[in-house]
Amino acid sequence: MRSGLALLAWIGVGVALIALPHGLSFSQQEILVFLTINVLLVASYRMLTLTGEWSLGHVVIMGVGAYASALYSKHFGVFVPAAMLLGAMTAALIAMGLSYPLFRMKGFYFLIGSFAAGEIIRLLWKRFREPFGGVKGITGIPPVPDVNLGIWDFVFFDPISYYYFVLAVVSFCLWLMWRIERSPVGLTFHAVHWQDKLAEAAGVNARAYRTLAFVIASGFAGLAGALQAHYIGAVNPTSFDIEQMVFVLTWAIVGGTATFYGPILGCIVLTVLNEIVLRGLGFEQTRPLIYGLLLILSVLFLPKGLESLVGRVLPRRATSRTRAIIGAEEKA
Amino acid sequence: MIDLIAQTGLNALYAAAYLSLVAVGLVLIFGVMGIVNFAHGELFMLGAYVVVALYAGGQVPYLAVVAIGLAFVGVVGLLMEWTMFRPLRDNPLGGLVASIGFLMILQALVSMGFGVRMAHVPPFTQDVIAFSDRVRLPVQRLIVIGAAVVLLGALWLFLKRTRFGWALRASAQDREAAALQGISINQTARIAMFIGAALAGVAGALTAPLISVNPHMGHSVIVAAFIVIIVGGVGSLEGAVIAAVAYAFIHTIVTTFWDGVIADIVGLSLMLLVLIVKPTGLFGTADRA
Amino acid sequence: MTIPLLEVDRLTMRFGGLTAVDGLSFAVGHGMIHGLIGPNGAGKTTTFNLISGFYRPSSGEIRLRGEKLSGLRMHEVARRGVVRTFQHSTLFAELSVLENALIGTHIRFRPNIFAAIAGWDAEDRRGARARAEEALDFFGLLTLADVRAGDLAHGHQRALGMAVALAADPDVILLDEPFTGMNPEETGRMMTLMRKLRDSGVTILLVEHDMQAIMGLCDRITCMSFGKLLAEGDPGEIRGNPAVIEAYLGGSRDVA
Amino acid sequence: MFVNFFRSGLSRRRFLSSAATLSGIGVLGATLPRKVFAQDQVVRVGFLAPLTGPVAAWGKPGLDGCMIWAEWINEAGGIDIGGEKHRVEFIPYDDEYDPAKARAGATKLIREDGVKFIMMLGGDPWPGVQPVAERTGMLFSTLLPSDLSPDTTTLIAPAEVHPIYNVTGVEWLAETRPDLKTAVICAQDDALGLPSVATYLAAFEAAGIEMLEAPILFDPATTDFAPVVTRMLARNPQIVCLDTCYADYVHPICEQLFQQGYEGQILSCTADFYEQIIEKTSKEFMEGFVFQFPDFDDPELNADFINFQEPNRFYEEYAQRFPGQWGAVSWEYASIMDLWKAAVEKAGSAEPDAVLAAMTEGGTAPHAFGEARWWGRDLFGIDNALVGNWPVIAIEDGKARIKAFRSIPDWYDKHGELLKKHMAAYNQLWDQRS
């Protein structure tokens, strides 16, 4: 009965998401594309934070995926969707390499250490004009080839078409992350976060799980970067600097990281505020002031994030996670 | 060549001076309050703009303006503590986000008040101590070096000799234990925030005539300051000073004899190397989260 | 001659200039409750941390069934069957009681991320759940399975700590000062649980500085002083050992 | 309707026809009795540049200048399009120097605000806009000609052809001070610094001035320039070249040159707020400083061949409204508007293709500093840069004075191969840009 209702609700959400761009203005459609990509980015960032470490290098990792996918498709002629996957894998591999030095640190040290590692990668992009294009980055990145599926002619320059493509990819990725979090692996991430020593005493290789979360999150971030690169057609080092990272961090924290949807909510609300509401009200040049004020007010008055507002409306199902992890949902 | 090395040494000394002032403030705030103050670079910027506002007009003597800058930015620090960091004491990530919000507000306010382009600060003095034709120390730079030594020395005496200093050090070691010993967390947080912000502000005020003052100038100092406090170990004020000196010398030498971009890469790589070898920094002790 | 289950062989641990454990040797037999006691600062907790892999010894060896254990990291030690608990109530406070126990089943039902995504691990999940519930049942916690661990009463938290360890199917459970902060009634209940655990075939090594509390519980006791072995024997022998009495009295005289 | 529109794929032709439909509604409205209200007709121009953030200094002052320009034009009755007067309205969009935001901004300006022309700073945001420009045929301008490529025929660089005009300063200096034979260069390692380095290297080589060492690059985040200056002075150069350093670098570098005892010639692309440099150094130290951007109160700009409208009055007005903010970008966007207005009135239409055609007709156009030709195929693959004379400025007795106007194409005809060689060495030719 309940699962039937849930199915109906999901179908409703799906239809709404498919219909969404048709109710928007042209520039809002463009913003929607980037917003959807950023949803993947911020959701992957939460996966990284599940084991309790906060990184300031996540946007650079996204950039690794973008640069890698751009180079594979442009220089080696790799089919673009395949290049995107390879880009994601490259980001995951680089993250695995970085995890060695980074996971010797914790807390504040990890935060700043990840920032330093990211800056080094960015400086390398700037420094080596071959193959990274130096400060101007790479331009003329091939787009996703257009396809005609009969029901819809996908011209990927058009934001609606690209939105559908991104929506499909991002939904699938979110589903994967959801499955991971609601599995014993996800439970182990939580365990490593709350009490890593106790987890180790139970036979959990805490560092391996930290690395695992970091690598998976980096793979998804890399994919987000690739999705963005092939839409804009260009990447450059400034697109992945600390200012962008600050936005991801604030989306996650303002949204709240206790739930899967918290950071996504934060990303959507803050982006709509900043890109549509504030611009629409004519605050073109005072946006940073208002945005900064909103950040402070939100952490002061909603310390548990926007998700706590949702929590007040929806009754909390305390045991739903447990039920998922032990595989009881099939029986219910 | 000797001249070149001597001049490089003087250049590095100045860089070490203002960097230590910024880094020590950042360490103090983090140590006592457990908050990563991302807006610290903007406090530095604010100190410089106090000079723009008061000194560029020419009515107020420079050293008085520096003192006003110190006090004003210190008070802004108190304001931050009172409005944001105290309510967010048990929420370090919230504190981080609040400081980011504050950073945006400061940048926007300064851009509106003073324009987005660089602001003008007339020189305080153009005197130069010339050791030789090619080894010259401008008095303005000497003042920065001298002020850093005096201020950091005073801070050291304050921390070692006074009751407040003792309370501050105890809180930086272990906040709960300090509270159990009857130390007021609010009071120590206020003192730490005032001193930390004032040091950043005075560094900005002192260097304002020497660097280009613009609303986004905080960014470059905070990156260097983060590197310095990580290398020094986040619990350690002495470590911050030693690391600031080391970083300034290495960065200056690599820039002079090699390349400025390479100097950045070298600085960041050295920091990562230190972290790999000793994950708590050279002088850090506790593994703080 | 049979090899003892757990052997500590000339174990030494130095911190800088301080030698916390100094050439310590003892053995724990199968199916025993073995106590490790000694006055404050005797090096019990350090020994305990060495066995569990929390520290790496400066020299000497620890062996399980003749195989070297020392030098392994904590999770590797756990996977070989030696599982520790922590002082106080160290738990996954934010997780439910059942989830805590599920973490305990990690060794036997090591999760696989691909199977988890595809849903091929349903059988493992059921197995893990059965094992976790069994461990909770053993300690009488099954009815509290959905409670947040941080909300449990103190005594239940201790029991849950042991249930997490038990869920790992260990050969040896290491208990770190399990009676600290307990009233006599709780202590009595805890002792009953430990005996029950031993009778189910689990060997227990516990560290305790309160000598009296474990005299009635242990089958065998090792007493340490200043990092060295002071005496070893059954409770009767230890109680009557003049060196042990001297060590404890000396300690208490200092305190007084 | 828009669903069908997209389903068939968005081609430039279809877009233009739909845009024509939309504007047709406007035309229809205008031909009805509303004709009386002709004064209310508006032509809109987009201003897509960074207005907040660290790069705002390159956008905001330009918007300020454009606002003055628009006020003057509107007070004078507006722009004449096919016999009807139109008010000019600027629609700003803050692209935050980000390609994704610039793409959304370009879409909004073109398809929602109905602008007829978009001015950009260019640089990083341009690649995000480029496909939009290609599909819609909208006319764009950039201040950074390195954005030009044959892929986009509707992007023009009509104000400045950075950094090619820097050759005029070197040429003039070599003629007036033939005794200066050695030079060093420092530059920030970014998109403006590197092509400029290549240009100066070519110009020095053409003038027979020896480079004492390879150009010294520093990170754009640098604030303390003492090490860079120490390094340059260690070679005892006769000329210190500051490349295209921004004011934020020029000022502290000059201050350090002064403090470290340098007494030779300084050459730079810009010297915004040079009075402040003089205050930080001395009048004597700055005497003879050569750069490329005049103050618009310079009497030389009242010459007949200058096409910028009322430069002296513009300078005065700007200085009054935004004291201390005058710089190179302050007038450049406004000068592009002069060019655009002339083309619109010539074409009798504000439609992008008509305006572009009118602008490029005959291969020449009225540039701010005199008639200039559409040029650049060698370097950018397309003749969309407007190049002619450029002034050489020197500081005399504390005031910037135009010393000469020099022809950039003339220099290029003589030394073009040198420029291409050095540009290629820094990967700056259009076909090298990845």
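The first chain written gets the first letter, and so on, giving A, B, C and D; residue counts start at 1 in each chain.
Here, contacts are C-beta pairs under 8 Å (C-beta built on N, C-alpha and C of every residue); 3 or more make two chains touch, one makes a residue touch a chain.
Note that the structure is predicted; figures quoted are calculated from it, not measured.
Asker: Which chain has its C-alpha centroid farthest away from the centroid of chain D?
Answerer: Result for the farthest chain: C.
Asker: Closest chain to the overall C-alpha centroid, by per-chain C-alpha centroid: which is it?
Answerer: A
Asker: Just curious, how far off is chain B from chain A if you go by their C-alpha centres, in Å?
Answerer: About 33 Å separates the centre of chain A from that of chain B.
Asker: Distance between chain A and chain D based on Cα centroids, please, to the nearest Å.
Answerer: Chain centres of chain A and chain D, defined by C-alpha means, are spaced 37 Å apart.
Asker: Based only on mean CA positions, could you tell me how far chain C sits from chain D in angstrom?
Answerer: Chain centroid spacing, chain C to chain D, equals 74 Å.
Asker: Between chain B and chain C, what's the gap in Å when you average each chain's C-alpha atoms?
Answerer: 48
Asker: Name the residues of chain A that each touch 2 or more other chains.
Answerer: Chain A, residues with two or more chain partners: 126-127, 288.
Asker: Can you list every residue of chain D that touches 2 or more other chains, as numbers and ranges?
Answerer: 52-53, 60, 189 - these are the residues of chain D that touch more than one other chain.
Asker: What are the residue numbers in chain C that touch two or more other chains?
Answerer: Residues: none.
Asker: With touch defined as at the top, which chains are paired up in contact here?
Answerer: Contacting pairs: A-B, A-C, A-D, B-D.
Asker: Which positions of chain C touch chain A when the two form their complex?
Answerer: 52, 54, 73-75, 78-79, 83-86, 90-96, 98-99, 102-104, 106-107, 109, 111-113, 116-117, 119, 121-122, 124-126, 128-129, 146, 148, 164-165, 167-168
Asker: For a test of understanding, state which residues of chain A touch chain B in their complex under the given definition.
Answerer: 54, 101, 104-109, 111-113, 115-117, 119-120, 123-124, 126-127, 242, 246, 249-250, 253-254, 286, 288-289, 291-296, 299-300, 303
Asker: Which of the residues in chain A end up touching chain C in this complex?
Answerer: The touching residues are 176, 179-180, 183-185, 187-188, 190-191, 194-195, 197-206, 212, 216, 318-319, 321-322, 325-328, 330.
Asker: Applying the document's contact rule, which stretches of chain D touch chain A when the two form their complex?
Answerer: Interface residues on chain D, with respect to chain A: 2-3, 6-10, 51-53, 60, 92-94, 97-101, 103-105, 107-108, 111-112, 124, 127-128, 130-131, 135, 146, 151, 189-191, 194, 427, 433-434.
Asker: Per the contact definition, I'd like the list of chain B residues that touch chain D in the complex.
Answerer: Against chain D, the touching part of chain B is residues 4, 7-8, 10-12, 14-15, 108, 111, 115-118, 120, 122-123, 126, 128, 130, 133-134, 136, 138, 141, 209-212, 214, 216-217, 219-221, 223, 252, 255-257, 259-261, 263-264.
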